[in-house]
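Here come two complexes built around chain A, the first alongside chain B, the second alongside chain C.
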Partner chain A sequence: MKLFRSLSLKEVLNLLKLIENEVTKILLKKKLLLISGILLVLISLFAYGENYKYNNTVDRFTKSNSQTQSYDWQGLVKQQISDLKDRLNRSDNTNFNKNSSKSSTGIEIERLQYYLDNNINPITPNAAKFTINFMNQSIFLFLPLLVIILSGDIVSGEFSSKTIKLLLTRAVPRWKILLSKYIAIIIMTTLMIVETAVICIMVSTIIFHTGGWFEPVATGFKVVSEKLDASNVIKIYQWQNAILIYSLGWISMIAVASISFMVSVLVRSTATSIGVMMASLITGSFLQFFLSDWPLVKYYFAINLNLSKYLKGSYEIIPGMSFNFSIIVLCVWICLSLIVSFRVFTTQDVLV
Partner chain B sequence: MYKKIIWNVVLGISIISAIVFSASIIISAKITNGSNIENQETKPENNEPKESKSILSENSDSYNILVLGDSLAKGTGDETGLGFGKNIANSLGAKTNKKIEVNNIAVNGDVSAGLLTIIHEEESLKAIEVSNLIFISIGGNEAKAFQSNKNLSSSTDVKTAQNNYLNNLKEIINVVTSKNKNCRVVAIGLYNPFGEEIKQDNLEILHDWNYKTEQLLSPYSNIVFVPTYDLFKYNLDKYLAQDNFHPNSEGYKAIANRILEVLKY
Partner chain C sequence: MSKVKVRQKERIKLMKKNILLVENVTKVINKKSIVKDLNFSIDEGEILGFLGPNGAGKSTTLRMIVGLSKPTSGKIEICGHSVTENYIKSMSNVGCIIEGPDLYNYMSGIDNLKMFAAMSKDISEKDIYDVVELVGLKNRIKDKVRNYSLGMKQRLGLAQALINNPKLLILDEPTNGLDPSGINEFRNLVKNLAKERNISVLVSSHLMSEIELMCDKVAIIKNGIILKSAMVKDLLNTQEVFWILNDNEKGREILKNHWKIDSKIVGERLESEIDLSVLGEINNSFFKEGIMIKIVNNKNKTLEDLFLKLTEGNEII
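And then the complex of A and B:
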């Protein structure tokens, strides 16, 4: 295979030039600007809504307990802490609480204590929570759509605008052109994730005024045979949690980008390529609801996109799915789409 | 030139973040698979010195109140955090010059079996010995299990659950009275937090539950059963907390007043 031949330095530089060319093309199309605009507007809206909701809740609380002048969350948190401590002490003596939940109870106490020490109402929205939440909510539909906007026309666009002729007549092997295109969209996807994080952090810090990056959280829950296994729970800080969740978002988006890359090679019109990708993404969320009993469903890429839920230990929708499983499925999808795209692109006849 | 700079920035950012992201994917894989060796030292140090519960002083010029049972005993839902135990302590404190201490070892969501294990613990036994007044609120969570059932639960289920509860309660009362013959014990009855929405059959279960409890307790001279059903019947809006299940501060005050009336100091 020519593709796997060791690349000399000169060829690497050559390839870098090609990638630069592709990235410049994408940047010139002002797509990143468009995506930034969409992100900025949506994130601002969400943050504003969150803030509004929070103020509303506090309002309702103060109104309903008019006899107590201000609503006393500290009392509630203290009560919660003492409850948890009771439970912890009790499980020392008797075995009626499983040992496994002890560490998570400890972290929960630490988290509540953090709120008390720093005088933060637990329901106050902060930048860290918002940034993480945004990724959790957008990882399976919204961000993939943006990735499709970025990468849907990477090859088919050349056909649509008839520039494929100019591209292929250059004295560069076809696989190199395709590889440079692929790396270019990976770069753009990475940039987009970083951009999402930056916009989230900026907007939410401006609106909520509180960071909350050093708040301890519990992670590492596992769902074993429909029960939450908390034996491996560890404490991390919110900022570490955010990096973890964004990295999971990154790998999901690379999977989407790769598949959309393949589709873009297979079809010759940009509109079809974007349409096919959108349909397959939306199919994913349908499948989750309607066919979750069918074991084949779990091998579909769109169902495995929501990796961050494994960190939180939320319920698995389809039995047999785990973090490792989803990562492997996504990697297989990435490899398959690369193989298909390179095969097709290097062998197909281009008639323009 | 301008484009060159942008290209370098873009390339730099993406390479750095790609490295960071891949590293954290490996870390998250480790976390979810449970092999968190490098995080061992951050494992929660929850073995903080066990709070030695204020073991109440035994001298006669203090009056000790012990609260046992479930969330109702704990005071869940009370925005002031008092619960009926501390409400009563406050009212009693205004009347006497004795020092009143409240020891609340109730556990949210506890059932009679749980309470039975708790009162067998050494600390609880000690607390029972030195108490002058003991409040018990238990059984609500067991009785509630039938209310949330959509389909009507078979009467045999109810019977077995109720018998279990009654046996446990009897055992609890035996432990308490054997440890401390002189203290007054107040058992709190169940109320109906569901208002009109409750099914007639379930209401009957609730009444039967209260009735059987009262019947069980009637032979003991120093134990009194205090019903709460009547208190809440027309006052649900006023007395229930946001969760529509636990009493709020008003509700707890009402329960406390009722108990105070029964005790008549």
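And then the complex of A and C:
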């Protein structure tokens, strides 16, 4: 028993060394640096653009309402609150609305009240909103592209540089080498998500000056039989919401990384690997727009990437899709990718 | 019963001596037999040259030995461990350079070595530097590999092959692209390794001179079949002698009558195969018969002659 334990500990240490090797390789290729650069430039541009747009809107508003010096957003919000309260009371009396939508309306009122209490204009951009928005916008194409840059050459790169034969002639089983590579890209993907969050927070805090992390929001909407079900809606703060959305983004990115990993095992050159992955991502947005009636489309991984849209209660694109459905589809894709990768990699002849 | 046991013991003894054993190995790729029923072995400290034209199946065989591809049938054992069944144990005894030293260009030489060292068990920092010193790369080991010359890459390739202290070194065309002095140095290095550390070496090459100078044994391979396998010494030391006499016809008769040796006249030479120890006496008998010997010489063959003779016809099957 003791021997067994020390043996397995040795195995784990062995695997850790392999993972360290793989991470070192990615770092020495300066990919993370490249990705950080891209993220920093893009996020800064977005944040600047949003700020510019906001200032423009405010300018136009003040010009058109020449009577009031600054436009009266507080009045607007108060009006909204009383409308919502009216609706809430009416539904109490007539029992017309479902019980469930009451809680979401309640949270909406609370959110508007928060703006009034803290003297915040609801259309003012803030760090929390920007950070969350960035993830929601970039989850379809931009972040997957960065993941592909990280993971597209993890195996095919070894083939194109012919270094694979050095790796596979060591006294290490092939599955261990592949596993170390997979864990390495998981680590890098996780780092990338964290980095995205950190850069978003830093840049947006510098540009917008306001955090807005304690603004209450409603989340937990569900789609049941093609209708919005708000019975499980709960109130959380923006910072919790941000963590939730970034975690969901992480799951999606793991799926992209796994598929990209499989493609990297299957093809022999890095260029092909990255090309195939980009094509399949773009196909995803294509399918969504043009073939959304076709029921098979919903099983395609690229369509299921935006997990957080279900929780916000926004309109679903393809019938039959729900939060659980998307999670399951992504998990199936991850498992299949791993099975194919390990099968092919451990049995193929290396002829480079 | 006891006979079987004795035989088994003998076999175990034999296996211990054999560092590499290749038995009936066949490889079929796309319904084409690249390697057909190959048999050979390497003993401890022995250098075997694998000689063959391009596309003869040399690389395919070496790839099967190091586990990069699987034999369609047959058995490969390294230090008594089957490569297909006990991959880890057999591979821990092997170091190899397969088709050129392809290393990580974006890393320094020492980083490359450290990475490979981490993949084997129990290799200290000092071991790594010892290997670096051995291959003579000490001064440039901290440079990026992309700035290395081909010769330096070959040295680093050899260093990575030696890093796990292997018993069997497999070198596939190791001197491709090296200049003559580089080849010489590389050859001496490998020879020393075999002698001092008792490492067995399998070298493949299409350069005859290289094999001739480096190896103890040579196997000539073409179209996946070993055409000839022998000690280099035996292959080169032939018993063929030629004379140039003032009367070749008479000389031939003397050989036939006195010595019962067949000979033939080729141009102005009289050629024959004899036991070299009696050459003096034969010459003496020529003198006695009044024949003048202008030239007598051992008809030296080179490996190149042999190779070309064996691999005649260059069509690729």
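Here is the rule we use: the second predicted complex is superposed on the first by the 342 of 352 C-alpha atoms of A that agree within 3 Å, B and C clash if a C-alpha of one lies under 4 Å from a C-alpha of the other, contacts with A are read in each partner's own complex, and residues count from 1 in each chain.
One rule holds for everything that comes next: a residue touches a chain if its C-beta (ideal position, glycine included) is under 8 Å from a C-beta of that chain, and two chains touch if they have at least 3 such contacts.
Here the structure is a predicted model, which is why all the values come from computation and not from measurement.
Trainee: Quick one: chain B and chain C on chain A, clash or fit?
Mentor: fit
Trainee: Would you check which partner chain A:Val350 touches, where first means chain B only, second means chain C only, and both and neither mean what they say?
Mentor: After superposing on A, A:Val350 lies in contact with chain C but is clear of chain B.
Trainee: Can A:Leu42 be said to touch chain B (first), chain C (second), both, or neither?
Mentor: After superposing on A, A:Leu42 lies clear of both chain B and chain C.
Trainee: Is A:Lys85 touching the first partner chain B, the second partner chain C, both, or neither of them?
Mentor: first
Trainee: Tell me the contact category for A:Ser161 with respect to chain B and chain C: first, second, both or neither.
Mentor: In the superposition, A:Ser161 touches chain C alone.
Trainee: So in the superposed three-chain picture, is A:Thr24 touching just chain B, just chain C, both, or none of them (first/second/both/neither)?
Mentor: After superposition on chain A, A:Thr24 lies in contact with both partners, chain B and chain C.
Trainee: How many degrees, to the nearest 10, separate the directions from chain A's C-alpha centre towards those of chain B and chain C?
Mentor: 170
Trainee: Would you check which partner chain A:Leu244 touches, where first means chain B only, second means chain C only, and both and neither mean what they say?
Mentor: first
Trainee: Report the partner of chain A that touches more of its residues: chain B or chain C.
Mentor: B
Trainee: Tell me which partner A:Leu191 touches in the superposition: chain B (first), chain C (second), both or neither.
Mentor: First partner only.
Trainee: Taking the superposition as given, tell me the minimum C-alpha spacing from chain B to chain C, whole angstrom.
Mentor: Minimum C-alpha separation, chain B to chain C, in the superposed model is 11 Å.
Trainee: Pick out the shared contact residues on chain A: the ones touching chain B in one complex and chain C in the other.
Mentor: 20, 24
Trainee: For chain C, which residues count as touching chain A in their complex?
Mentor: 29, 63, 66-70, 87-89, 91-92, 94, 96, 98-100, 102-107, 111, 115-116, 118-121, 160, 164
Trainee: For chain A, which residues are in contact with chain C within the complex?
Mentor: Residues 14, 17-18, 20-21, 24-25, 28-29, 161-163, 165-173, 349-351.
Trainee: For the complex, which residues does chain B have touching chain A?
Mentor: 3, 6-7, 10-11, 13-14, 17-18, 20-25, 27-29, 31-34, 36, 39, 42-46, 50-51, 74-76, 79-81, 105, 107-108, 114, 117-118, 121, 242, 248-250
Trainee: For the complex, give me every residue of chain A touching chain B.
Mentor: 20, 23-24, 27, 64-65, 67-68, 71-72, 75-76, 78-79, 83, 85-90, 92-94, 96, 102-103, 105-107, 109-110, 186-187, 190-191, 193-194, 219-220, 222, 231-232, 234-236, 243-244, 246-248, 250-251, 310-311, 322-324, 327
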